[in-house]
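Okay, got some structures for you below.
In the two assemblies presented below, subunit A is common to both, partnered first by subunit B and then by subunit C.
Then we have the complex of A and B:
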């Protein structure tokens, strides 16, 4: 390895990145993805437009209605339209939720007779529908327990407590997953471009026809990506903790080291792609497909890996995202750190994964024309 | 430092054999020229010798013998390869100085006193010392090639492999490139392998190898090679029997003709070889076109046309007249403003000063420009073809763009295909075809709407001798049969002689506008048109 050669190449890459203004992309893209998805994905539902038909007009029904009115999850409109009209409003997209309190609701309750509340939920988006339905159940049970403590006690006590994410904040659940996505996509794209650019332009001949060794060429291409994106590890951390106010309960050192391994994996993916492609556009599209889809699917944002079955479970274990995300959620929300054998194992897997891909890439890269 | 020995080298691209069983030797300090049609295998052989492509056989240089790119690693510090393509190995965003530093660094050249003296000398020879802070992307084609050459000389290679270094480069830069090359090989004893499409250049080399279909079919000094075809070269005889190729200047036949013999050139080799291998191109025939001509003999007039890019004057008050049935050659160094001028005439660039008239009517607004485009045909430097569509589909697309009715379009396409000689290729995509064929069908695309004026921007750059001579025959037939006016730019000075009139641009201004004969009369010392060109650039 001739250090002078590597230095010359790195200087050239950095000069080009700055002059082509691509450097802006290097630092803008990760933060952009974080902002777009971080603010864009909402699992919880607030301000559901709720139409309540109170056909009973009794103290108890009023109490129930006021429970809804005082919740941030519902924007209540009381109305005395017919049921048909109410349903039409859901169809027209004017309401998300209809609650119908039947006549003699109070009377039946006081006589301990079973009674029913009609709840219609717009479930065009199933997960949103399910969420609203659960909220309604919660409010009704809560109201019931306060109206008739004796009746409810022991039978319909609800005591939900979410672990690790007590506040049930979306940001806490989504932002660490996004870091796993961002740090997979961005270094891969840059690494792929740095090699393919030379192939497309013809400057690859400078490598082919000179005594520059493969290891020197690869180091010269990988080191700038690695260094530039290492800065992003800190940038996305700052956004997560200070902008999205995600708690950080674990060791920063663990976060840092795992992220560096992860970046090595990502840039190796980019390098592998640049070996099989010939034009920049194909390289970018391929990198985006190969990294964004698994980065998103297996990030734990949409569904946890533990609830995956069959093929998707196997795939999740093949891609590196799962291992890194486990560590991410640990350092942000749990804080067990290396005390957990699973985290130790996953960190080792990341290191091996990176070393494996890097070796594969350097074996496949050829110093000759096809 | 010893000799270069190529021993039975074969190069395959997938199934296709590009070079088969080629052997030759070269001595220290020798310049060897590679000539041949495109696709003849010159580049493949150069890549094999440079050790950048897998090959069979053996190359021996200095003390090293190698049979694969891997084994060639050891000699790469002694070799330099300049692949085909203008500025191909340069980085647009780096300056001239940064390139020199980069190439010295990756070649591990110690940057001491001796290096700096050598570098300064190279910069001076290339005329680049004033441009050291310029980015490569802002240099003209000629400067880019000179920069590529000096970058590949920094480590003082003993074997220099240059793949068409001068294609698309203006005559002045070409001369400078050759001066650098000549000095270096004298001082350093470098072996230089140079492929070229300019036969004037090939004539200056120590030895010339003629390639055809992956084999070396003739070799020797330019003189010997020229002598070998003297017997078959005649003055142009239009009524020649079958088995004769007739170009604008000469006729070639394997059987004796009654005509007088002409002085052969290296180009003659190509024609004689085509006759020997039964690949003589069909004679060119053009029929009259559908549309009627109108009376005005002056088709296009430009008065004092000016184009500015910021403070830079790209075209400075240029006058030009294009008359019916006239071929005008627009010559000048890279960056002299030829392409800008053509783009202004086309309505692709706005006009910053002066006036443009078509059929005596001034072009002022967008509607006028639309009318302008309808009567002009244009073939750009890089043939604007769609590489994913077949030739037929390409032509139909261009016809549709010009709003030509489909039945007329189909009729014209089949007529052009047979007259311009690409009917066998109608269903192939452009990337599979030689440059010469693409060039002819680009011409067909530009002629579909039967324009009154035709603009051709370096249509013959990189095209081989036979295809070029055919192209010129086509142009002269078009001129006669259609009464069309043609404005053409070229870097081949020999082609200037086929033009009725030559316009010379220098640094954005017009420095000459006259017939070739008058220009020769003005410069009695000039032997070739290149000499005249040099007069204006002194």
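Then we have the complex of A and C:
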């Protein structure tokens, strides 16, 4: 390894990167993803378009309807269309939910006869459907206990305390996970084209013919991207803490070190792709597929790893996202840091992962034509 | 005219097939990726790890615990103290912790206000929400209160709220978007990069025909991918219902893919090399997929984002596809989606077409 060679090569790489308006990729994209998803993704379902058919028109049914009207979860339209017409509206995607209050609803309740409220939920988007169903139950139950307070006596109340995320803010749950996604995708895509570009243009022969060693070549390719993206670790941290107001309870040093390891992993994934592919288009598509989708699936944003079974559980353990995100959630929300054996273990896994990928990359890189 | 058109289309298709790596990656995206997304994600509670501390000495607490069974819950794990339980939640071994206080049983028997303490790891917010709802139902059911009021709830179109078919479908739609944009853009940019662009300019062929034929060839590739993905994965592996017309879906897809190819043309006109294509397409695609309502319901978004989502053809495509597959909407009621895809898509394709046309 000659430092002079590496320096010269890095200079050349940087010039090329600057010329290809790389700045969009390095600094704009991560922040954009963080803004868009951080503000946009909401697990809560609000403003469900609700159609209520009140066939009873009694004081009690009015009371029930007004409970729905005053909930932020429902946008209520009262209507007296037929049930068939209401169902057609769901089919056309104009309503998400129909609630049918039967005739003589009040009479039956007052005479202590059992009665039924019909609820039809559009479950074409399943999780949304289930959530809406639960909300309806909650509102009806709430209405029932306010009409007849005696009812509430035998009910066991659930007193829920959320650890780490007391307010159940969606931002707190999502933004750290997004950092794991952003720092996986952005460096990988930038790195994925660096070598394959030379192959496709034929300038790879310069490397074959020159006395530059493989290790020098690889480090010259990776160091600029690594340094540029290291800045992002701080940028996304600032957005998370000051813009999204996610609490930060752990040690910044741990966050920083783990993120640097993670960036090395991400870079190495891109580098590996660049080494095995022959054309740039393949490299782009492959990188997008193997970083964005697993980055989302296994980030823990959508579902916890412990709930996965079979293939996806195995895969979640293969991808680095899971380990990094555990550390991220720890430093942001839990704050236990290196005191936990699991965090120590995961940090070690990240370091080994990076080292392993780097070794694999340098083994696969050839310095002569096949 | 038509002969030249098909010659160019044929040439692009051959170029695609010759690159076996590209064929492999595209096939992989349309099959394995769709399968993984469909099989892996479960939003309903499943295998939720529950831990508990029981200070009551049995009775009601055990009744509640026996209700927490597979597949939604793992067998509840007993802890001796609340500290141990919190520790396990810290380490993400337990997601929901239930604490039965010493007076829990007494209060309940005495008909007093009874309280059940639940500790939730809310870093997994979505599952925490649904699991809490679940627990609420169990407890309500067990309290034996006769409410006289029954909620007869029906989940239309997907009675078991099966998430797999839905995830596989939306994943396929996202992959269609991604591949169409990148493939179309690269078909043009590759010529720029390799220097064959000038040769193309010298050809005695109407530039409009070249643009049309080149983008059409990529539309064909993606359409074949859609058929493969539908046949082997969406229908083959997941038994997705098809309540509407298959033809309607294919026609809608064709319009949509053409519209998306327009975005590819636009990127191709601006980008000078594949690196820029990668950058631009991600910057354009991410918001587009995001605003489509595939991941998060549109009606819960910020009003400004809702307004913006009207400009994303993917929004109409996804809603239209959901309607065809699940809601079984008939041709006549599908017109808003067709109109949306063709109108927004037409404008996009025309813009992309003009932009790249200036380079000829």
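The definition used in the following text is that the second predicted complex is superposed on the first by the 329 of 370 C-alpha atoms of A that agree within 3 Å, B and C clash if a C-alpha of one lies under 4 Å from a C-alpha of the other, contacts with A are read in each partner's own complex, and residues count from 1 in each chain.
Rule of thumb we're sticking to: a residue touches a chain if its C-beta (ideal position, glycine included) is under 8 Å from a C-beta of that chain, and two chains touch if they have at least 3 such contacts.
Note that the structure is a prediction, hence the values are computed from the model and not measured.
Trainee: Between subunit B and subunit C, pick out the one touching the greater number of residues of subunit A.
Mentor: Greater contact footprint in residues on subunit A: C.
Trainee: Give one of first, second, both or neither to describe whether A:340 is in contact with subunit B, with subunit C, with both, or with none.
Mentor: After superposing on A, A:340 lies in contact with subunit C but is clear of subunit B.
Trainee: Scan A:286 for contacts with subunit B and subunit C and give back first, second, both or neither.
Mentor: second
Trainee: Could you say whether A:368 touches subunit B, subunit C, both of them, or neither, answering first, second, both or neither?
Mentor: Once the two structures are laid over each other on A, A:368 reaches subunit B alone.
Trainee: Can you give me the overlap between the subunit B contact set and the subunit C contact set on subunit A?
Mentor: 20, 201
Trainee: Across the complex, what residues on subunit C touch subunit A?
Mentor: It comes out as residues 19, 21-22, 25-26, 28-29, 33, 36-37, 39-49, 86, 89-93, 95, 108, 111, 113-130, 132-133, 135-137, 139-140, 142-145, 147-159, 161-163, 166, 171, 178-179, 182-183, 186, 190, 193-194, 272-280, 282-283, 286-287, 290-291, 295-297, 299-302, 305, 319, 322-323, 325-329, 333.
Trainee: Where on subunit B does subunit A make contact in their complex?
Mentor: Touch residues, subunit B against subunit A: 47, 50-54, 69-70, 73, 76-77, 79-81, 83, 85, 88-91, 93-94, 98, 101-103, 105-108, 135.
Trainee: Mind pulling up the subunit A residues that touch subunit C in the complex?
Mentor: 20-22, 24-25, 28-29, 32-33, 36-37, 39-49, 75, 87-88, 90-93, 96, 109, 112-131, 133-134, 136-138, 140-141, 144, 151, 153-166, 168, 170, 172-174, 176, 185, 189, 192-193, 197, 200-201, 277-282, 284-289, 293, 297, 300, 302-304, 306-312, 315, 326, 329, 333-334, 336, 340, 342
Trainee: Which bits of subunit A are touching subunit B when the two form their complex?
Mentor: Result: residues 2, 4-5, 7-9, 11-12, 15-16, 19-20, 201-203, 205-206, 208-212, 367-369 of subunit A touch subunit B.
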